[in-house]
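Labels run A, B, C and D following the written order; every chain starts at residue 1.
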Amino acid sequence: MTWDQGLHKEISTIASEDASARELTYLEAIRDALRYELLRDARVLLMGEDIGVYGGAFKVTQGLFEEFGERRVIDTPMAELCMISVATGMAFQGLLPVVEMQFADFISSGFDSIVQFAATNHYRWGQAVPIVIRAPGGGGLRAGPFHSQCNEAWFAHVPGLKVVAPSTPADARGLLISAIRDPNPVIYYETKALYRSIKGPVPEGEAGIVPIGKAALRRQGEELTIIAYAAMVPEAMQAAAQLEAEGRSVEVLDLRSLRPLDEEAILASARKTGKVLIAHEANRTGGIGGEVAAIISQGAFEHLDGPITRVAAPDTPVPYSPPLEDAHRPNAAKILDAARTLLAY
Amino acid sequence: MTWDQGLHKEISTIASEDASARELTYLEAIRDALRYELLRDARVLLMGEDIGVYGGAFKVTQGLFEEFGERRVIDTPMAELCMISVATGMAFQGLLPVVEMQFADFISSGFDSIVQFAATNHYRWGQAVPIVIRAPGGGGLRAGPFHSQCNEAWFAHVPGLKVVAPSTPADARGLLISAIRDPNPVIYYETKALYRSIKGPVPEGEAGIVPIGKAALRRQGEELTIIAYAAMVPEAMQAAAQLEAEGRSVEVLDLRSLRPLDEEAILASARKTGKVLIAHEANRTGGIGGEVAAIISQGAFEHLDGPITRVAAPDTPVPYSPPLEDAHRPNAAKILDAARTLLAY
Amino acid sequence: MELSPDLLRQAHYWMRLARALDDRGTFLHKQSKIVGGYFSQIGHEAVSVGAALALEPNDVAAPMHRDLGCYLARGITPRRILAQYMGRSTGVSRGRDANIHGMGDLNFGIVGFISHLPASLPVAVGMAQAFTLKGESRVAMAFYGDGSSSQGLAHESLNWASVFRLPVVFICENNQYAYSTPLSRQMNIVDIADRAAGYDMPGVVVDGNDFAAVYRAAHEAVKYARAGGGPTLIECKTMRMRGHAIHDNMAYVPKELLTEWAHRDPITLLEDHMRGIGLLDNVGLSTLLAHIEAELDEAQAFAEQSPYPDEASLTDGVYA
Amino acid sequence: MELSPDLLRQAHYWMRLARALDDRGTFLHKQSKIVGGYFSQIGHEAVSVGAALALEPNDVAAPMHRDLGCYLARGITPRRILAQYMGRSTGVSRGRDANIHGMGDLNFGIVGFISHLPASLPVAVGMAQAFTLKGESRVAMAFYGDGSSSQGLAHESLNWASVFRLPVVFICENNQYAYSTPLSRQMNIVDIADRAAGYDMPGVVVDGNDFAAVYRAAHEAVKYARAGGGPTLIECKTMRMRGHAIHDNMAYVPKELLTEWAHRDPITLLEDHMRGIGLLDNVGLSTLLAHIEAELDEAQAFAEQSPYPDEASLTDGVYA
């Protein structure tokens, strides 16, 4: 599937609110969270390019303009920097804006206002900035260097920001609700490659709200921990399943929250298995993996039985051509390879 | 000394080119490199806000406008984003622009063009971008959250960029010359607190050019390695001297280049001493220290005799009030504390 | 519009207070009692006070670094400001932000200033959009300079306000310089207000040293905004009478330019007018100045006696 | 200015080639032979070709995603373009960049496009400034859209070019939409060219579907720039005749609007004119179209037979 084939499709299935045990796609879960919060709290509003009449480049907000009207779902001029500051100003006056970047790649156009302004107001003069910035990130869709980026590490370095990156439909909803209710600016990375490729049970109402800052143990194991987030979680699970078939016991920890990191869960798992592999789709150097490795190497030093290993994208832009992108993108096979080496250590 | 008391002072001592064994301040060394390259290569030019007639907010470019004229030393409108792209366009047409950000803090206003455009052209369509962006960074000057930032980690994550951060006058000159001659975009972090506080011998002419990507062993030792860069190098040296006085043998490695990192030197020192402390002035989480720790924990695992330890600024903006800034800023005393703990491990 | 004696007296007080506080700051800086850098606003009093007084208490403003008069007129006290400059826990930012930065307090409808210019504009736009969405009859005012006008964010903000027809008043303080950079390096036009046409909003040029002119234009724009007319751009021509900050001797400014503007000092102009219509005499002026000095003495004492923030509070408040 | 028969024939060829290559791309995309997304430029031919032909070979252009005609007219071949769309090693970006992005080659004075709009503007400004500094008599042309006009960088770029009086021609392609967003959500004015006054540069509005009008305005602006007059802003009114990209059925565009513009197709307009003055007849047209189809067949075969880049080259070229 490429970004134009399927990803942008109109969807007829707006999840009905009363279905008791709902199976939603990752994308539907995001929309469900937006709708739930729009219904629950009149202060919540959505802003972004083409999110209203059109329903968003990926149709995440489809139907919401019709349901909530142009005061709650606002099509904006094409001006990310202004947009983020406008959202901050709205937040100063009691609104709770959820801003969509059309692709995570374009968050760099609003970067200045996020890191300098939104992130610092509360520390500097006590003014909270309850905004959410949704950033559809990640590759694997033949979309090239400007529609595939994983740039979460920029923001994970900035005090005052929170950064989350769900990997399941339930977390997509649960974390987005938390992000909207959080009094701080939260960057919410949603993974385009998961939008329609995964489906799962998604709780309703106030159930299933996922606190920011808590990792999820997706799988228990004894010999090795794979720490991953976003698109790399399903890949890690696949690798772990394969290893299990080969008789090895592997734990998978889904970070979910990149700032703050759940140091406790990270250290607990590292101490337990003694071998840690960190997988992310972002470029290797300076990525989240470095921070996680530093936390472990400082906090679980005595428990380590092998070198902390990173599986990440090589340090290049995301290339377009299929063989190049495939070589670039980390996946279950690459995780498996590295895991085998580490297990054999 | 605060940023307005001394830092902005006019200087009468333009280093004379024929002095044979010159002692220059860090700031003079930067100016010397700019002047040397302006003289040597007609393609080199300087651009920035207030760098011409005024000589720059810190007087780094003082005298160069008078010497080289307004075609080589260009006062620009106040527009960082445009400035970076203009420099890139100039580079496409054979010029070698050196752009000054008035403070490193304002590099975020030009961020988009650096990470998306300057960094990617060569990979995407083979077009080199030989530009240098000078970013006066760091705190300790009572200048508050917007004139004290250390934001190098943002750029160290971006393929296609190089990032350097000298800590001595000789390196300030030697790395700047290399940066100007490098066919890639280089972010050159210069440390305001070192501008006039340190002086040292600075080679002339083609001597003393420092290659990008090579760390410098500032001090040899056996029991512990302190890895530092920029303002933390003198602090690390002070801590190491104190420890020596206490009979301990400490090595100090000055990274100098943050992208690419000198992995070889990092690993060699880590393997030798088995104990590593990383010190930087930037915020701890997501800083360069994480990447260095990850490299060591993967590449020198078997040689480690203690947890990799980081000394960095706590995760807050740089506060203004003296007691807060002092508590915030890493220094020799804090390095010493952490080093003692690690040595005792 | 005739300006009432009461309004003129208010304006006079705030302008004099801004000037005196500015001088006091310079004095304290020389004594090394002020931490770090220091920005003077001398010459800007008519702009900042004239614009601010056109607002209602319930309105909001996002002032920049030479709008001391706006902070004062909206209720941020000299005590809190001097404590801020001294990095004390009683300062507006509790010692966190530097000099005139981060002096925000929404109880007084003031947004804390951030260096990255012109960040004040879009945040005012956002507040105005919130007012519109909530159906509140409030107005947001934002300040920016001639240098700031070169930044893309100025364009985005004016355009956004125009597209959504938001109740914003943009005050462009054209004080001839951005740090050392003269107008000719920022733009190729004479009046920044001409750009208003590109957003289909009124663009007005006023004498920024004439309180009445600034006030009238701002008052008009606030009324227009409150009535749903949308944004207005008011360009106030003035002069920065000191260096960019205290370290800057502004050798790059032609002496004649300074002399010319010194003859048009905004406070002198206002006082001449008030004397002319019998609102001020020498006795009245000395009484006022003495009152202000006493106020500042008290404020200074308060600031100096205020504690520095406890270093244990270093990491407090990074998150709400 | 009378346009020469030779120029009209050239224009006709490039516009037809752009249209045919665009159609070929759509066809190949349906066959899943094109990797990822696909942008159509139908409706833009007179703008991209008219502007490009006004340049000399030594000039430079920074086109955007609907300026296929500019790429072609300046010498980027259909072979390299189709290979690019198919992610082949023989594509302009050697498989690195996506569809119309990164199709730069300074041998033909073309800058590789980057998504982040309007990044083409300041890079053209920088190239023009290099020309000025080096004393070269060359001109830079930059393209942006109605949506892109809302970005701050558009303002910074026009202002910078104006301050330094640089030889830049800004082509604003006002095609009524930015993705799904209509003009009314981007601006509150009718003519983007009106903003030129805010930079003291000429601002011209032309019918973007009329090749001669675009060419004449661009030619004038290029001459003016080369003579040291500085930048010009030319707004070309046109219509995006397909969705934003191939996945977009543009249900949000009123049918009547499309019909109205369909009657003013730029190629039909040019051909009608050429027929009127005896430069084209049915035979001539079929010959040309057959020639183009053959050229595209050959290009397609070349692209399809070209290898993908070797994955071992993945990390090559991150650094120069």
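Some notes on this structure:
Simple rule for what comes next: a residue touches a chain if its C-beta (ideal position, glycine included) is under 8 Å from a C-beta of that chain, and two chains touch if they have at least 3 such contacts.
Keep in mind that this is a model prediction, so the values were computed, not measured.
Any chain touching chain B that also touches chain C appears here: A, D.
The set of chains in contact with chain B as well as chain D comprises A, C. Put simply, the C-alpha centre of chain A and that of chain D have 36 angstrom between them.
If you average the Cα atoms of chain A and of chain C, the two centres end up 41 Å apart. One finds 45 Å separating the Cα centroids of chain C and chain D. Per-chain CA centroids place chain A at a distance of 32 Å from chain B. The set of chain C residues touching two or more other chains comprises 93, 96-97, 101-102, 114-116, 150-153, 156, 159, 163, 185-187, 318.
Shared interface positions of chain A, i.e. residues touching 2 or more other chains, are given as 76-77, 79, 81-82, 105, 108-109, 112, 116, 120, 123-124, 145-146, 159-160, 315-317.
Under the stated contact rule, the graph of chain-to-chain touches is complete, every pair of chains being in contact. Within the complex, the chain A residues that touch chain C are 45, 71, 76-77, 79, 81-82, 85-95, 112-113, 116-117, 120-130, 159-160, 162, 183-184.
Residues 35-38, 87-89, 91, 93, 95-99, 101-102, 114-117, 147-148, 150-152, 178-181, 185-187, 245-248, 252, 308-311, 313-315, 318 of chain D are the ones touching chain A in the complex. Partner chain A is touched in their complex by these residues of chain B: 105, 108-109, 111-112, 115-116, 119-120, 123-124, 145-146, 151, 153-154, 156-160, 259, 261, 282-283, 285-294, 296-299, 301, 304, 306-310, 315-317. Looking at the complex, you find that chain C touches chain D at residues 150-156, 159, 162-163, 165, 184-189, 194-195, 197-201. Note for the complex: chain A touches chain D at residues 2-5, 7-9, 49-50, 53-54, 57, 75-79, 81-82, 102, 105-106, 108-109, 141-147, 314-317, 319-324, 326-328.
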